[in-house]
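In the two assemblies presented below, chain A is common to both, partnered first by chain B and then by chain C.
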Partner chain A sequence: MKHLSRQILALSRLSVLDLYRRKDLAVVFVLSGVILTPLFFFTPFGMSAASRYTNELAMLLVWLFSAVIGLGVASRLFPPEFNSRTIYPLLSKPVSRGTVLVGKYLGALAASLSALAIFYVAYGVLAGTRQGVWFPPVLWQALLLHAGFMVVITALSLLGSLALTVSANLTLCGLVTAGMLVFGQRLVSMAADQPAPGRWALYAIHWIAPHLEFFDMRQRLVHEWPPISWGVCGAVWLYALCYAAACLALAAVIFRRKKF
Partner chain B sequence: MDVVKMEGVVKAFGTVRAVDKLSLTVRQGEIMGFLGTNGAGKTTTIKMLLGFFRPDKGRVEVLGGDPCVPSTRAKIGFMPEAAYYYPFLNVRDLLEFYGGLCGMARNAVKRRSEELIARVGLSEAGKKPLRSYSKGMLQRAGIAQALLHDPDLLILDEPFTGLDPLARINLRDLIIDLRRQGKTVFFSSHELSEAELICDRVAIIKRGALVSCGSVQELAGDGERNLERVFLKVLEVDADTHGGGR
Partner chain C sequence: MRSVVTRDLDKWLFFGFAAMAVLLGRMIPALCGENMPQTSGDDVLAQVLGETRLAVSQALLEKADEYYHGGMRHQDCEHGLTAAGHDECDHGEGKGHEEEACGASCWLDPWSMINRRVHVQEHRHMHGAEANELLPWLWAASRVSADNLQAFQASAYVLERMLDNPQAALEMLEQGVARNSESAELEFELGELRLRAFKDFVKAEEAFRSALEKNARQRAADDDEDARNLRLRTLFYLGYLSQRKGDKETLRRCLREAEEIAPQHICTRDLRRLTEQDAAP
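Presenting the complex of A and B:
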């Protein structure tokens, strides 16, 4: 057990170091700081009530940057290992392919969640400064569900990283993420309006693609609506864990069969 | 005792037989050179020894176990040909990572890392990221990671490629020193002169099949002492046997 935990820790640490020693994360942080800070000191049309729209814009940026980080980190988990041949010394060590997969996934998740926490702390401080309400329960719920979103998209991107190049994987996962956030809730009603082949395609997407809209608490947070029940939060997290487990199981099958 | 045992091993990729009925043994404490031209099947054989994939036919046994089982690999050290290790790490981070994969405690990794970094001559470059390393320096970092967990069997894929003369001499001394410690070294190479200098036995492979195996002296039965000539002779004999090749 000690042996296994050391292996998983080593693999996870590698993913975290990869994220933090690259310059692109620093760029994302600086960019978000440059965009978010002025937004919070700007009162649209001199109406304080309209400031919630700047909050909405800020949250949109937090979602965008966190998705870019989550997908970016996970999509780079395997292709560089194959291209630079580091997969050979890695697999020559007494480590199973399942452990490699889990360790890398946990590392990507830890790296993405640490970046997400920084974004939410920045948002919480800036929103608190402006509105005088510091870290309300709905913000914690939004962070919790956003973390669930990261659990799903990193697993999805890891699955893609075993079969696709970094750019192809990023494009595909980016489209799925954006598409499901925008259309996920309306897929069934859209399917009902379509003729037969299109209808079945939309139903297939409805059942196969991850329902990322479940994790989106932006409206509730921005408009200061009350939090949802913790039971619903738990159910959504259960969905995230099941979806991520399915992605990892499929990734394990692909990785086990992969010839290097 | 045989550290490596391969019996009638066949591995095909599509219609191409990369390894063809290969039977080979490597004894404990010997240095064995695995020689062949490009595409002869050397790397495929090494990959099977490391359990990256199973043979289609035949049996592979390493240190008395199945190399596909992780615990068997605990006593194998491997250095691949021209790996470009994680560019954002320095050599200490790299060894800490591989030490973790071997299940080593952090203190043990640190102690062993310092010893190996000095041994392969990377002390001065210890804090520099690997992206700034030359090919030869990466090769030396590769040797350090292969030796980190004190393996009984060291498998090296083209270890002399890209090394300057001084680094070659150091690697040669290191391999001989490992034999002195009772370790077994199996390496593939094109560098016949290096193999001739250090190998107890050599195995020559052509189109996946073993064409000759023994000490340089045994292979040169007619008194010929140069491995290069032996290599050419053995391949010619094989070409004659097969009517000029398949």
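Presenting the complex of A and C:
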């Protein structure tokens, strides 16, 4: 058991190092600064007390960049190994394919979560300086659910990376993520308005597709609504773990059958 | 030899069709005149961009409305910034909507149940200084398109009524009037603001007279309900200001016109009351 955890830890460490070596985070921070800095000095009608619009834009950037980082890191775990054939020496070591898969997944997740933590600290400081409220409970809950989002999308992207090319995987995962964040809540009502074949397709999407909108607490955070109950929070996390486990199980089947 | 003939034929056919296209392009507008589907005046680029700017401005205004409702897009609420009334809400805000919306069907569809718990289902209204949060969106909506009259009206409402800054509201409406010289609505709002917040009767009367001129009598006589209501309200204010000055002739003229447009309208009744008060010893 100790041996297995050491193997997983070594594989995970590589993914984290890869993210920080590629300077993605630095680019993201510079871009956010360029977008947000002018807004701090914006005083419409000579009145400067408004802060929700900057919070909303900052949260939108956090979501956008965290999705890009999460999908990007997870989708690049295996294809370079296959292309450069470094997968052979890796699998020739006394390490099972399942361990490689879990180790790489946890590495991608750790890298994404570390970036997410940095984003939320930056957001907390930004909102605190403008509003005088430092890290309210709803912010912690938003971070917790956002972490659940990362759990799901990294698993989804890892599964895609074993079945599709990098660009196809990124495009498909990006579309699923954006589509579910925008339409996820309305799928049932949209299905009810459709004629028969479209209706059943939408119901199927509703039941099968990842409900990434569960993890989106931007509305509560930006508009200062109270936090949700911890029971609901737990249910959402349970959903995230089950969905990620299903994706990883499918990925393990594909990886086991894969011929290089 | 054959290929040279074919090439020449192609060339002449090309020139023939090009000449015919040019000829038709000149003839059709001349023959059809006003029946052409395109609107005259602006070029295509200005028309396309103009429409886009108005659409973006409307989207920004809807965003402000969403902020007013605590981040909810609430189309059923009559108390939005873009709705006619801006008054206080009397339907229990933030109470029990979650439970109402989620009945027994929730247990059959856990995904919808989670969604209803995570995402806010009820709405609330902004009050007082909190309305500062609306200003960036309203500012942007009015700057993106000068044609969006609602953006000017909503900005003036928020600045005057919610943030108690009538001076900024006045400047906003004056900008709106300057950029929409045909708008009777903005002139009317300007008149109301000058009367209500500044008690400037002279300038208010000027604005109401201007609103009356811009809101042509014919428009009000047609089936344009909004134009009719606006003209009646303008007539009422002009009648009221005339009564204050002791100008009985103008007051009677306003009443006469209001009775012609809608004898049972509340503005007509109020004008009648003003005339009766004026006639009383």
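Throughout what follows, the second predicted complex is superposed on the first by the 241 of 260 C-alpha atoms of A that agree within 3 Å, B and C clash if a C-alpha of one lies under 4 Å from a C-alpha of the other, contacts with A are read in each partner's own complex, and residues count from 1 in each chain.
Please note the rule applied: contacts are C-beta pairs under 8 Å (C-beta built on N, C-alpha and C of every residue); 3 or more make two chains touch, one makes a residue touch a chain.
In this text the structure is predicted, and so the values were computed from the model without any measurement.
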| item | value |
| --- | --- |
| First (chain B), second (chain C), both or neither touched by A:220 | second |
| Partner chain(s) touched by A:172 [first = chain B, second = chain C, both, neither] | neither |
| First (chain B), second (chain C), both or neither touched by A:52 | second |
| Which of chain B and chain C A:88 touches, first, second, both or neither | first |
| Contacts of A:232 with chain B and chain C, given as first, second, both or neither | second |
| Chain B versus chain C as contact partner of A:2, first or second or both or neither | first |
| On chain A, the residue positions that both chain B and chain C contact, one per complex | none |
| List of chain A residues in touch with chain B within their complex | 2-4, 6-7, 9-11, 13-14, 17-18, 21-22, 84-86, 88-96, 259-260 |
| Chain B residues within the chain A interface of the complex | 47, 50-53, 70-74, 76-86, 88-89, 93, 96-105, 142, 145-146, 149, 155 |
| Residues of chain C that touch chain A when the two form their complex | 67, 70-72, 109, 111-112, 114-115, 117-120, 129, 132-140, 155, 159, 163, 165, 168, 172 |
| Residues on chain A engaged by chain C in the complex (per definition of touch) | 42, 44-47, 49-53, 145, 184-185, 188, 206-207, 211, 213-214, 216-217, 219-220, 222-223, 225, 228-229, 232, 235-236, 239 |
